[in-house]
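My questions all concern the structure below.
So that you can tell them apart, the chains are marked A, B, C and D in the order they are listed, and the count of residues begins at 1 in each.
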């Protein structure tokens, strides 16, 4: 994957990491993405899987991944237990199950001495999130959260430019995450116990739009600015008549340094594909980026012409160069950004297991503390929304 | 100006309208824009001017406009009085003075039997705005407000597509108006009685950012959607340390039909030029437009490919065609959009003075009722902002 | 029109220039554009017109322009003769007739002591073009040619950046002018003596696509690079079956300094609106511009990030600032670029008539020598095309 | 890789294909890209490598790929011989050596019963290319050529739309491939026997720019239009003073149906990254695409609004859907397009080895006949260039 041939696992351990996956059965978009990300890095051997809790699906899915029967499971906890008992067992677990079981599997894996890569949102409740942070600390293992939009070369370039002071003190933030997938009103929310898990608040969490994409948007501005959201005045709800789950959230933000922000996420904007966009303005300039054309970062310095920054183009900072794997002008995409999370995880895990030091560029990867911050943000949004959108501490 | 040679003044009256201007002295950006707009339409003869209250500036400015001495004034009220007494006197007055005097001159002109084109915001206070609406009604004259962004062919196309039902029932609105002109923190606000009028709340109004650009943003979504903002949860303030006037406003919106919106305006976003942008999503699709490239309107219908609509391109509706004066592919700009306001005014005024019927395409032009709606919105924003951003009726 | 209130005619002469137009009757796109351009500059009073050779059309058209009967003509030569005899007669003539009569009217006007603004192509034949250059010299009058794409702020910025050495020695040029207006094959060329003049080679010239848009493309690269095309290997023809007039030309170019270029013009590219685009690469960087979004110039310096230059934005050079009439972020369009030609003409004419010196920024405007260069280029293209596309001197 | 979990190798053979690579040593951009492409598809196990002819580099490179010592070679022919003798030996060889050795290794592999994936250009001479086509036929094996730009979802969508008649009969083609990598004139061409192979015509072929990128441009228009270039009027040369190898080619094209085209490739355009772009116009509309933002295809139908087509967006045709591996709005990039070539190869090879039928969507992948067409085009370009750019048959 790397343009310079650097492979974190081979570098630190002289071998690939043994990976097992829980969740991501046949037809799952995100399951395929996780496994492809692992392959792209060339840092992992997939050794075991429990892609479904339904036996047949689990078996078929595992076979399609080329696994032997004794490494295929239909129960994540059993996978963890069995693999932990093998000398050649999985040492890192990737979790891509419905949100309500992230905590269960992550906790079990950590306690079994495994490292964890977990899909977002980290958990459905603050209580679980706080416990998980504690368990990561106690077990002294690595936990990484796939807020994958932080893996794009140009979001990393944005963070690095902020850190380098290129836009000065941050004053104003705009973040939107707008999709159209839930815009068609002719197909109301699936109901009942057979409904997909996302539509059930016990499985999908208290606010679907916030869990699905709102936490991505929140995490991205924290990632780029290096600051926490301190207060929020928000409204979350369903704009589509008759819908139960949330399909939009609007919010005003106060950052810890006093900067102000606008936050807008929805899955009901007809015809829009996947528009995650930010504009971050500081005393010395603004940065603008959009996920649909991720290979462009616009830098508008105060008093100088606007610039178009590109992956590995002129002015690329080390954090971005580490995440850009081809020469300038050859766009990488969503899979490559996602894989950068897996590569960061491999760097951290392999270095730890080797007793060596990871490269600093790999350490900006979202982890359990970012997961907890996300849950706190969701909680504050819902509290403000219930309180006439009054300003509420995060 | 018109591609088909249609000239509203010549059509209805067989002559041009006699125009006088108040305000817009040497160095005024908006003054030049108003006069150029009038010229572009070819519907007006500029016959008198009071471009400044300072005698020397007023005289120099008037001479530069090619006016004879007896049609140059340094007092707008005297201009109105004198012109009203001439048989060849001005019949329409364009007002581009500091905000606090719009009411004074508009009222005098209307009462003198003149029609009025007025810069925005219409007035600084609701009280004045309400009175002005009454006086327009009593005098039965024409009043037009230069919310010029409604004059672009593609904002008119957007309105026409909404009216035609092409995006269905509106659900979600995003509007931003972001500039960088007040981002440089090394030049704090001018202070004292010599400060430019904009920086004095008695002259410039209670919220500079709202008067300058917030009312444009608010008016534009009303123009395109045909709906009123019903409630707002907002914060207005100064993000630049030590600044007194407002330089940003963030707000959440509820529209009269229940649609939700995000509103963000600021003049302190370093490096940004003049980014007025909207996305309006309905049950059948979304419309996206940005002022910096006004010759493109993006239409994203649900379940069909996104389209790029252009002035006079395929699919142009009559309201937009009326405002597009060249063949497709030849971009018009800000001056042409501004001139469309003057052309609409000429259509309304000339038809009225001729006792004939104006073309319906000219009647979407912002007027005194739109001005009042703007003031009400500013008031609600400030009230909500003072009340912990609680939802507040407009 | 000017952001600083500068009016060339008032500045040099303390009055406006008396303008007459020949051609541009009702329904003519370019006629309206010329007259609007004159109005936009505020440098001209339109005093006489012969918009058509058909009496009724001429009279109606003249009336619509608000002219008195004795200043309305149906014969351009008579207009010139009559106006020349009046003390308040036209002193500058704008010609927008079919191409084959440009020479006739221009010559007559120049010999009558008038200055001339002429539509392009200057003439249909090299012989006429060469004679015209001589007559301009003999009469010592001003002649300006409306290659209006040189009037955009960003094409002027490009020229100024080239002159300032910002892209170094020019090496490579790409120019395209692609339209779709003649793509519909269901409407074959109009035939016979009633065909529009453009489709008759005696009226429209030997190569319709070259006269209509090829000369624009050729002139634009000469304008920006400051260099002549020295040799051409070309093919011109009709791509639409059964078409007689030319609808495309492809060519390879050698510039006088040895730079190479690609040239592509057509009016038969279905669905394309008006795509005049260039990329000019020198030893130190490239410049890219496209007419459909004329408010953006892309500068790609060697080894530094690409920049987006905007009218009156940071880095604006004087030649471009002179042609940009509003603050940054407020786009001007085709009419404003066209008007810049008229403003340049007014600067040159007024200064000459006043015996004063014109501003240097006004002197890059295309003139009779550029017109001749265009004709020579067309001739070389046709010669090469007839000679198996062999390299041919221009 | 596939959004539907389809894996060609597992589908047809129930196992992955055994792949060996020749070339692509440490530091090679294209070597890493090939191996990553193989991984991305999940269709291959890399079992052997000869990444360099220098022993140490070959060994180090092989170890970094995780290969056992007995599967690491420093001689491609020995790799082929040894692997062919093993029952678990490589069955498909990927060749990414300097151009002059493609023929040697491809021939040996084919004769050893292996299938081949080969980097472009296929060979340096027509003679080799013609022989290779014969050998593929004789050996009845699969040969695939990594003209990877045909692997993007939107170039495949373009081809599918052309096939479906959506733009009608093709009339006009514009293709450019413009890079800036050889623009810096301060670093003249490396000279002597230690020069990189690309700069030596015996290794890199007769025209560097044509071999490197010209064949990509030529292949892409053939891929999308389904037509051959029939005649060319061209010039190839070095624009940078003192350069020996070619750094630009300009050409006019005649396609087999009479359509005309413009062709422009260079590696000396300062500041440009990797601009491979086309516009293809037919009687019913135009298609426009550029490699730097490959996730957008612009469709401009005659008389209807222009459309923006996206991977897996509305209107996606099967050929494109087969090459798009995520839901709409999540951009894939260069690596994914490159991998689609490997996936197509896997489909063809696995089906053949299984005796089953490959999916038709996999069969548009460039092969040995496309390689031969490329060599013929290069030859015609050079012949025309030597003949004063006269029209020359391909």
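In this section, contacts are C-beta pairs under 8 Å (C-beta built on N, C-alpha and C of every residue); 3 or more make two chains touch, one makes a residue touch a chain.
The chain lineup, named per UniProt: A, B, C, D = Gfo/Idh/MocA family oxidoreductase.
A quick note: this is a predicted structure, and the numbers were derived from the prediction, not measured.
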Overlap of the chain C and chain D neighbour lists contains A, B
Greatest Cα-centre separation from chain C belongs to chain A
Between B-D and A-D, more contacting C-beta pairs sit at A-D
Separation of the C-alpha centres, chain A versus chain D, in whole Å, is 34
Cα centre of chain A to Cα centre of chain B, whole Å, reads 44
Distance in whole angstrom between the CA centres of chain B and chain D is 55
Within chain C, the set of residues that touch 2 or more other chains is 272, 299, 303-304, 306, 310, 313
As the complex stands, chain C meets chain B at residues 1-5, 7, 10, 15-16, 26-27, 29, 32-33, 35-36, 39-40, 42, 64, 66, 179, 272-275, 291-296, 310, 313, 325-336
So, in the complex, the side of chain A touching chain B is made of residues 167-168, 171-172, 174, 176, 178, 180, 183-185, 233-235, 237, 239-240, 248, 250-252, 258-262, 264, 266, 268-272, 279, 281-286, 299-304, 306, 388-391
Residue positions on chain D within touch of chain B in the complex are 298-299, 303-310, 313-315
